[in-house]
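Two complexes, one shared chain (chain A), two partners (chain B, chain C).
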Partner chain A sequence: MTSPELVPLLPVQGRILDAQLHLLDRQVLDHDGVPVTTVDDLELSGPALGEEIPQGTPAPVLDALLTGPVLGTRIFGGRPPSSRLIRIHWKDVADVGVVVRLGVGGEGLDASWVERWVRDKIIARIPGGRHDPR
Partner chain B sequence: MILGDLLGLPVLDSDGGRLGKAADIRFVLDGAPHQLMSDARMLGIVVSPHSAASFLGYERTNLTQPWPLAHLLRWRHRGSFLVLWEDIALIRKDAVKLRPGFTRYSPALEDLGRGR
Partner chain C sequence: MKRILGVALGILTAIGGFVDIGDLVTNAVVGSRFGLSLVWVVAVGVVGICLFANMSGRVAAASGRATFEVIRERLGPRAGLANLSASFLINLMTVTAEIGGVALALQLASSVHYLLWIPVAAVAVWLVIWRVKFSIMENVTGLLGLTLIVFAVALFLLKPDWGVLAGQALAPAVPAEETAPTYWYYAIALFGAAMTPYEVFFFSSGAVEEGWTVKDLVQSRINVLVGFPLGGLLSVAIAGCAAVVLLPAGISVTSLSQVILPVAEGAGKLGLAFVLVGVVAATFGAALETTLSSGYTLAQFFGWSWGKFRRPVQAARFHLSMIICLLVGIGVLATGVDPVLVTEYSVVFSAIALPLTYLPILIVSNDPQYMGKHVNGRAVNVLALAYLVVILVASVAAIPLMIVTGAGA
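Presenting the complex of A and B:
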């Protein structure tokens, strides 16, 4: 697996996460195990594009998981403008495994506003739509 | 910065020679601790000379099953290496440039992370 000319990386203190392998496209569940969204992209604290990175600059950290209307851009390329992407702050993430678990409830997150809107404006107006089926 | 802008960018050495593409970004959870998880610090970029994307990460693990898939994907990502954040000189819209004398680290994931 490893070519002989590659230098083995010294073990690091802390769990390793590769963005594509462990984070992107994973389902996000809230603290009750209710699905919230999927991880469409990630936001880093830096660096600015096109600016020289001076030696000794601290490494950027993961600021937020991003989700949003990415179906069109996945098919045709590009990405939605940053302002259209919805952020789930990294400090709200409780665990990363097969799914990404949050330590907060999904009800208050911007990421689930479409579901809430459909529930309140459409489903609730259908007769019987305000209570559990019996 | 949005990570999707970085993935798939060509990675160049200090002389402008093409080394491959940014197939993945590696993080390590050793930043400032929060109530739930520590900050995820960017450790480096996994560079793949033959492919812009990474699929299932066979080239970074010791998995060998299913055999045809494992061999095909490992071959597709042959020559992959990790460059650390310290060796990145510049991230442009169209390329990532490394510092002179950068080190090619093994992208293997096994036995790297300790503790959670």
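Presenting the complex of A and C:
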């Protein structure tokens, strides 16, 4: 991790997050507290794996939280093509605590398309699907 | 006054909700073959489930996180997925057993073949999950399950030789016609029946469903510490009835009708009516809990929106997964497999899978990041570590004993 060729990021104010400990496999909630997904993997900017790293390259930064099929490749190996990744952009993240909170609603996110599909095609069509239990 | 009522209600539902098809069948089988010589296992199991429910309830209340979210965070995706697969499959087996139990009880009440009752029972379970408010669901099945107290009443009416029963219970010994491996195999089964993992998924997710905060912890602790031991006494009464009526007659339990036979003998037709209501309520309540647990485990692992407090459209995948689980349960039972047999295996597999859920909860309940100042106290940790050993030993010994004894045959 501490390659000497990389220019360290400027020291910034704030918390130090450990990707493994504080981000990966954490529950993601939207701004209303509704679960969206779990952080299945992370996407970092910067040189691809195996590429030559020239002197003075800035250190990679976290671009997005990934979800969806990427969980399978994280467990069993491999990597889906970039076009298949389902991303939650890091700028949408509002807070990282015991859970990761987003500053946006979950409804419009790519990450919730399966939920929307199941809801619109199946659950909403069963009588009583919109009934409020409380 | 309202608070006292709340506590009383919580205790009563904890008692009524303690017994499920696994407890009914395993206790009756054990009673009919070993008398009361395995009662100590019920005590060990009850203390264990109190401890486990206490920790997972506290995790849920202090951090707002349910069991499987925590398991994935702590174990990572690989071990988490392996854990999910095992826990989910065993839970599915328990769903199947509970629905089969409802159907068998309805067959006893109606003389209509149980295979015809299976779709009815499954649809009823789904309807309740689809429509009914969480607290109403919990309270109604729990209170109706209290009618199982008729097992205790029947035990008194049977006028047993209390000295003999006490002797069996206090000086446990392997009966002459049984072998030591069989004795220990059924000890594990009984332990698994008392400490089923789904109870913990359900308990911690239920705490989130009902929006527990740290303030509710006292009440939950009372419910658990009073309700579960009394529920354990019900288990002992079931075993006692079997020990008094079936053991001397040389009948070893293989069907639900034999489980309730001693009640009919001791308490007559009225007792029979009560016990049928109780068995239907207990198995139906457990079918609800296990079906919800299968949805909870999947949704929490994958981070889906879940909970009965949401409209079904707001937790679509959660509801879809439960519908699929119920369909799988119906499919398995439609093959004609004996639900009692499914139950007997499910309790043993529950004991095998127990460490998978117990250990992550034990770790997280000591983690101040989640728990703040509500981490385990020293006494709880000492007891919890002792139980970790017991749980691991039971889990490791279960499969060899299953092979050696031919699954307790």
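The rule is simple: the second predicted complex is superposed on the first by the 103 of 134 C-alpha atoms of A that agree within 3 Å, B and C clash if a C-alpha of one lies under 4 Å from a C-alpha of the other, contacts with A are read in each partner's own complex, and residues count from 1 in each chain.
Going forward, a contact is a pair of C-beta atoms (placed from the backbone, for glycine too) under 8 Å apart; a residue touches a chain by one contact, two chains touch by 3 or more.
Source: prediction; values computed, not measured.
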Touched partner set for A:Pro47, first chain B, second chain C, both or neither: first
Partner chain in contact with A:Leu17 - chain B first, chain C second, else both or neither: first
Per-residue touch tally on chain A - higher for chain B or for chain C: B
First (chain B), second (chain C), both or neither touched by A:Gly103: first
First (chain B), second (chain C), both or neither touched by A:Val61: first
Touching partner for A:Asp92 - first (chain B), second (chain C), both, neither: first
Touched partner set for A:Thr38, first chain B, second chain C, both or neither: second
Partner chain(s) touched by A:Arg79 [first = chain B, second = chain C, both, neither]: first
Chain B and chain C footprints on chain A, overlapping residues: none
Parts of chain A lying in touch with chain C, wherever the complex brings them together: 24-28, 34-38, 40, 67, 71, 74-75, 98-99, 114-116, 118-119, 122-124, 126, 128-134
Residue numbers on chain C that touch chain A, as the complex places them: 63-65, 69, 72-73, 76-78, 80-81, 130-134, 299, 301-306, 308-314, 316-317, 319-320, 369-370
Touching residues (chain side chain B, partner chain A) in the complex: 1-5, 7, 23-31, 34-43, 46, 53-54, 56-57, 59-62, 74, 79, 81-82, 85-86, 88-93, 99, 103-109, 111-116
Contact footprint of chain B on chain A as seen in their complex: 1-3, 5-9, 11-21, 41-53, 55, 59-62, 66, 79, 82, 85, 90-96, 103
